[in-house]
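Below is a structure I'd like to ask you about.
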Amino acid sequence: MTYQPVMDAATLRQYVAEVFPQAGSRWSVSALGPGTVSVTMAVSDRSLRPGGTISGPTMFFLADVTAYVLILAHIGKVELAVTTSLNINFLSRPPLGDLIAHGRLIKLGKRLAVCEIHLHGQADDTMVAQATATYSLPPGDRAAGQ
Amino acid sequence: MTYQPVMDAATLRQYVAEVFPQAGSRWSVSALGPGTVSVTMAVSDRSLRPGGTISGPTMFFLADVTAYVLILAHIGKVELAVTTSLNINFLSRPPLGDLIAHGRLIKLGKRLAVCEIHLHGQADDTMVAQATATYSLPPGDRAAGQ
Amino acid sequence: MTYQPVMDAATLRQYVAEVFPQAGSRWSVSALGPGTVSVTMAVSDRSLRPGGTISGPTMFFLADVTAYVLILAHIGKVELAVTTSLNINFLSRPPLGDLIAHGRLIKLGKRLAVCEIHLHGQADDTMVAQATATYSLPPGDRAAGQ
Amino acid sequence: MTYQPVMDAATLRQYVAEVFPQAGSRWSVSALGPGTVSVTMAVSDRSLRPGGTISGPTMFFLADVTAYVLILAHIGKVELAVTTSLNINFLSRPPLGDLIAHGRLIKLGKRLAVCEIHLHGQADDTMVAQATATYSLPPGDRAAGQ
């Protein structure tokens, strides 16, 4: 089953700017497709651990916000969607530089959405972290199955 | 990074037949590629819950064995690899009929391997479950990084 | 917050006997308390891997059924509760002999229940596996919060 | 099995002050016992989401640092321990005010440590989040089993 976004990338970016006014300089939507989204994050000094690598909470944040934006793009402006669980595997030490997260919607039900997120360093093809996030969706009259 | 198998599909099937003599009639390797494997499972009556759907432990088993076979194909006959954790999301009610699992190696380090597994009904394109499995690898003299 | 069961242990056992007629000889409820339950499983030959230890799917099954029984005891006969995710960590090689699972309800909301399950060998105090299970609850008119 | 710390709480606090110089005003070790530790975090404005609740990354950070400190207290100054995976369940909306995390070591092996962490609001007994974290331990000559 392929999920279709209910808005285009420009509308999604505009909505992100309203909901996350502080996002502007930190992260942005770089691509939107059927059931998928990519988010790029500029890594600031504050995100770095001693040794110059990117901290775990920073990667958690990127995975979580990617899932949020992905769901938003596919169900519309549902501000009450909340993370119920997130499982993250740290695979390799992230290189210095920006991170890119590729999110994929693997379930969009009436009550739950499940997303798979892959984090890569932009300068490098290696996957640095993998996450699965579950969001609880507010009751509504969407037509989506299950 | 793309991982390369250290054996071909025929050798993998032969080894599976030795290690899991009881597998023969229940599941088999249907494809092997760089960093990927597919395993098909014949669903027996014993795997069914009341109502005719496939039980959770059956899907857990298929995810776990797919990860095992995937690692085996990429590091050779390492019989001591053991599952350290498995996270599984049940996405939709599986249809009656065979299940196919697509496994992907997302990290192959010196001590740990991490795999992502997607389970589909064969008659249907819907993903029925998604899992992430971590295996602990025995110490050895493989050349693999990290 | 402490959750209270809505039935006593005898009623729970009777209901388990109705819903899982095949359980009888394999597993049984050994204790029920506020927000907690214990389930004991007789390990059969079929559950053993070569080498005599208990297989992963067997431990998955025990964790999952413990969560199911725990929820059942606290919300009543709700046959439609389904597992949405289960995360299991295998900690040490289980000894031969029976397994006991201690389940604890850490959230009972209107739509989701989350349980923590600890598996021990009965002959030994070592924890052999730890799991967290999330169940989706059917819509209903229970009074439970959130 | 009960694990014993290899240092007392005062030594642990002193070491935390050296390794995390920025921790001082944000979080501190409030208790240390056999296989357990408690960490309290002062919630700053920066940790709050619109609406006044504590953000997911803040809770992730607290769970992760609690696991790190717990392992540190039980194996000594091993600066190379790294998180390999973290699974977190968000159970209820955290109240305003400080958070307290109770960590428990459920496995301390030669190569991996697994911790269970429960997060509570200090003003309230409700569990707001539950996490399981796995750390990879550097090779060494510790006497610990498995």
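Order of writing sets the labels: A, B, C and D. Residues in every chain begin at 1.
One rule holds in what follows: a contact is a pair of C-beta atoms (placed from the backbone, for glycine too) under 8 Å apart; a residue touches a chain by one contact, two chains touch by 3 or more.
What you see is a predicted model; the values in this text were computed from it and never measured.
Residues touching across the chain C and chain D pair largely coincide in numbering: over half of the numbers involved belong to both copies.
By number of C-beta pairs in contact, B-C leads over the other of A-C and B-C. Between chain B and chain C, the centres computed from C-alpha atoms are 25 Å apart. Centroid to centroid, with C-alpha atoms defining each point, chain C and chain D lie 27 Å apart.
Between the Cα centres of chain A and chain C there is a gap of 33 Å.
Residue numbers of chain B whose C-beta contacts span two or more other chains: 84-85, 87, 89, 134. Chain D makes touch with chain C in their complex at residues 1, 87, 89, 91-92, 106-107, 114, 116, 118, 125-127, 130, 132, 134, 146.
Within the complex formed with chain A, the residues of chain D that make contact are 56-58, 60-61, 64, 82-90.
Chain contact summary for the complex, chain B toward chain D: residues 84-85, 87, 111-112, 134, 136.
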